[in-house]
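Two complexes are shown next, each including chain A; its partner changes from chain B in the first to chain C in the second.
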Partner chain A sequence: MAKKKFIVGNFTDEAVLFPAVKKVRRAGYKLHDVFTPFPIHGLDKEMGLRDTSLHTAGFIFGITGTTTAVSFITWALTIDWAINFGGKPYFALPAWIPVTFELTVLFAAVGMVLTFCWLCQLAPFVKKDHFNPRSTDDTFVMALECTSATNDTEAKQFLQTIGATDVTIETRETGWWLGSYATDKMRFEKN
Partner chain B sequence: MSLLRYESQVRSPLVDGTKDYHQVTEDICRPVEAKPSRLWWTGFLISLCFLLFGIISVTTEVIYGTGQWNLNRTIGWGWDITNFVWWVGIGHAGTLISAILLLFRQGWRTGVNRAAEAMTIFAVMCAGQFPVWHMGRVWNAFFVFPYPNSRGPLWVNFNSPLLWDVFAISTYFTVSLLFWYSGLIPDLATLRDRAKLKWRKAFYGVASFGWTGSTKHWQRHEALSLVLAGLSTPLVLSVHTIVSFDFATSVVPGWHTTIFPPYFVAGAIFSGFAMVQTLLLITRKVLSLEDYITIEHIDVMNKVIVLTGSIVGIAYLTELFMAWYSAVDYEWFAFKENRLNLDSPYGWSYWLMMGCNVLSPQIFWFRNMRRNLFVTFFMSILVNIGMWFERFVIIVTSVYRDYLPSSWSTYYTPTIWEVGFYLGTFGLFFTCYFLFSKFFPVIAIAEIKHILKKNGENYKAKMTKEEEDTVTQFGEHHLQEH
Partner chain C sequence: MAIRSTFTVPKRFQTISMALMAFGLLSIIGLWVTSGSSSDPAEQARFWASLLQNSVFFLLVVNASMFFICITTLAWGGWQMAFRRVPEAISAVVPVIGVICGAILLAIVFGDNHTIYHWTDAEHVTHDPILSHKKGFLNKPFFAIATIVTIAGWSLLGWKMRQLSRKLDNEPLATLEERKKYIFSNTVWAALFIVLFSLTVMSSIPWLWLMSIDAHWYSTMYSWYTFASTFVSGMALIALFVIFLKNNDYLEYVNNEHLHDLGKFMFAFSVFWTYLWFSQFMLIWYANIPEETVYFQPRAHGIYKGIFWLMFIINFIAPLLILMTRNAKRNYGTVALMAVLIIFGHWLDFYQMVFPAVSPNKVPNILYDLGIALGFVGLIMYVTAKALAKAPLLARNHPFVKESLIHHT
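Take a look at the complex of A and B:
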């Protein structure tokens, strides 16, 4: 992935961050992302992000689990090898509820976590740039992407006026790569 | 931030002392980043010794078979199934705190949920050992899963509660692990970004999956946590329900009762909270986290203990009443002669259970007792002993006397290898817990920061002023209207 130029503003208070996000968007800057040490409710709406559909994915995985369990048990105990357990019916649906329920939960949970990792591109040995290591501690980091229309110094001043304590211009990789946080070297890097 | 005022001023703060976000990070990361103390090493090595004893006991059992245990006709389930149910029950409190209290929006859960979830995972790991090694030919353990085999394929019996248990316990373990680890990822990223040593950067770099804290990721993370909590809530109730089905669906007097599922779930939460208290009282002291796991937390958990203890008490009495009211001779005999009768071989265990589980928690009706650390610690141990005896009473006193007096068994006492196996799981549990407390943050850092401005002591003090102002303004406004 290509490296891009960003104007990075650091905020120390989420109360300042909220109006700042609004002002940045109104001023027409291209907001790359905001990195925060903890989830801030409402910030996603403020940034204009749409709701996540992870719930829907979870529902679909859950239903898949239910169907898998019911159809498999039905096939195994009535068609493939029907065994008479004390004269009870072969198709003993009430007795299958526990296993069906457990598989529903298992499929939904595992499926959702994998989907979450896929959507956020999270995995072991994955490395990403996140501008300021303090953003996982106590700093709220706002990154504006520089486009051809962006005036760097103007944007920098703008961020300072809306409350950023420390503004820098940085060139960063936007995607992820395989690498260790212990070294700066990118694995498989050509140059 | 007007939204912050929705936290009632009547409630005590959940985070004591003057803290800001950075201080929270410092406090919780300190034990992870510092060299382990002598106390930590002592505890860890003692746990390892217990684990070793457990491994030796299990090895003996595998070599010589379950004959190494004192199980007999008719006591086919003795110590090890007792221990299985006991450990599974302990796990339940962690899920209750992390999932059910999340759905009920209980702010206090943030201080204790990480450690409690870890406890759940380790407890379920310990629980799983018992049925597995009880199989005798443990190398065939994979037969419990429905895989296409060369024997037909002959499928497992999906109508059997023992198979339901396989699914319940393995699902419970998997979901708890995912829930716990997905919550850990942001905190591991915090540790990664603070790391000075190379191996730490590498280790936490791998463990944190490349987490950045992007707003979109947080949004998905929140959705994930909420849905996993929603899934875990019925799951945790189902797990002990299914464990109780192992007994309730049989026709053994003393087991064959419909009250078992709710009674087992309440008992599980009861014993689990006692174990959480034991662990957290030690953790907060050793890692000096008194500002995060406050007296307030201890108090609230003691309230849960007195509530669930009383539910368990009601269940004992209901069960007793129904045994008499059912007018089934065998059922009533199991209760009257095998349990209530103090002169019967196991009568003592029934009354020990009653004393520890029903009478002793009543002390927590008193506020100063709930907030007394020594009383809490002592009670947490007592409750766990009581809950172990509850399972022992249910299992052993129901089966040691069969329908036929001629097949009544002799007095059952465990062999050293049964005891060793049990102590070994303590070793496993505490070894895991010590490693966890050394390498992972025992308190959810991001979640504490999330509630800090609502529940932090220093912020709370400021808000009181703000709220007073609002009330004054409100009064003045209405005065003008009249």
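Take a look at the complex of A and C:
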């Protein structure tokens, strides 16, 4: 597999991290990701991440659940095995709503968990590479990806000037455990 | 532009609210001439039922504002502080509509016409085993006392909560200890209000005021369902006032994030209302016992079918589909439109709660009722604006205010 080079820096303060993210993006470096021990409101916007598509997936899964429930019960209770329950019509929609609701929720919930794992590339027994174990404890870890346009030492110095400590250059094998946020690769290459 | 921290009522706003009130009064007079003054008891009942439906609906809607303040206070919520003066001002309408509503209810109960509350007919009750069984609850003195105590309690506790909030405007809290004490006293008063609220709106009051119109029928879900109806309308009303103030360059700290949360409340409680509405409907539909289905027969299958299903579309399907996305809840236009629609939808809901029992043979001309509703809207606009102008729009010295200014969803 191909190797990629990353410049990794630590931040200990949100108030330093936010302007740093802005400066990195303005300077034209390719921001691979920022790893934080807890969710930080507004960081996604600052990093320029697009809105998640998880809710669209959830809607589609939910609709699928509704359709499955209604069509299966309709088939079972009106065509395949029609039974008269207390003189009610065979197509007794109000009685089916609870089941339909539950199936909608079940499909949406399970589907969204799986979609979430797929979007974040999580799976059992796979260790995600987040460069620095302290990002699960007390520091915010920022990783820049080196492209053909990046001057490594310059970038390293740049990270230090905007407030990062312990800046290192690391090499990783590419692969889905690294995450693939880079849909706009071309922008950061030398032309 | 300079920050405008106190609200001055615009001339046009005042004129419109006065015009609406005048229109409402005209509608009441018109309805009195056509129905109320008639010698036919059914026609008289149609007049009083219209007043009953409108005053009870709008009283419960404005009271929902104080409920919103109290639950957020109890939960130690901070996000609503940027616009908290708006629900406070809306809740100042409670005493005004409370007096009107109380007068109407007592007039109906102690009047000679027993068409609306036929349990008030003592002669009839003696022959009616179901009603004589319910005499311990459905009797005139209890109704009167419960009504007066309830409305007075809402008004007094609401007044206390508003006082607590306004007290801080002139005397900021210096130390941490004082702030803790302030939050504690707020919590105690809010808890008292919630207790009263759950004993009234969430249980006894809708049974007395609305469910006893169909005195033979009962549903234990009825009060929750009424509460959900008025709470979602109350949130829509708060959202409307917030958007109005925002459009007029007030509330500079309120942004999309706060609007998003108001939209979430409108969306979530529309779904909650549907859950209760459907649970009540489905259990009765499934059991199919005549004493219970008698309630839904005129509504879902009889002449009130149109209103019944229209209300279901407005109150459930429209909010579900339109308010579902994040962008819709952060858009001032969409939220304002949906707020108007939701208030109208739940007004229709109250309409089909009251009228099928009062006028079982023909649907009354709804235009009169809409006219009276506009009168109440004018009254709410007028009193709320007056109350808003009395205090600064931001409770600047409240300990939680910073939480609201940096609020982020």
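We take it that the second predicted complex is superposed on the first by the 173 of 191 C-alpha atoms of A that agree within 3 Å, B and C clash if a C-alpha of one lies under 4 Å from a C-alpha of the other, contacts with A are read in each partner's own complex, and residues count from 1 in each chain.
Please note the rule applied: contacts are C-beta pairs under 8 Å (C-beta built on N, C-alpha and C of every residue); 3 or more make two chains touch, one makes a residue touch a chain.
On a predicted model such as this, the values are computed, not experimentally measured, just so you know.
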| item | value |
| --- | --- |
| Touched partner set for A:Cys120, first chain B, second chain C, both or neither | first |
| Partner chain in contact with A:Ala82 - chain B first, chain C second, else both or neither | neither |
| Touched partner set for A:Ala27, first chain B, second chain C, both or neither | neither |
| Which superposed partner A:Asp138 touches (first chain B, second chain C, both, neither) | first |
| If touched residues of chain A are counted for chain B and for chain C, the larger one | B |
| Partner chain in contact with A:Ala95 - chain B first, chain C second, else both or neither | both |
| Touched partner set for A:His55, first chain B, second chain C, both or neither | both |
| Touching partner for A:Ile63 - first (chain B), second (chain C), both, neither | neither |
| Shared chain A contacts, counted only where both chain B and chain C touch the same residue | 51, 55, 88, 95, 98 |
| Residue ranges of chain B in contact with chain A within the complex | 1, 20-22, 25, 146, 152-155, 157-159, 161, 163-164, 167-168, 171, 174-175, 178-179, 182, 185-186, 189-190, 192-195, 198-199, 201-202, 204-207, 209-224, 227-228, 231, 234-235, 238, 242, 245, 446-447, 449-450 |
| In the complex with chain A, residue positions of chain C that touch it | 278, 281-282, 285-286, 288, 324-326, 408 |
| Contact set on chain A toward chain B in their complex | 14-15, 33-40, 43-44, 47, 49, 51-52, 54-55, 58, 62, 72-73, 76-77, 80-81, 83, 85, 88, 92, 95-96, 98-99, 101-103, 105-106, 108-110, 112-113, 116-117, 119-130, 133-138, 176, 180-182 |
| Parts of chain A lying in touch with chain C, wherever the complex brings them together | 41-42, 51, 55, 59, 86-88, 94-95, 97-98 |
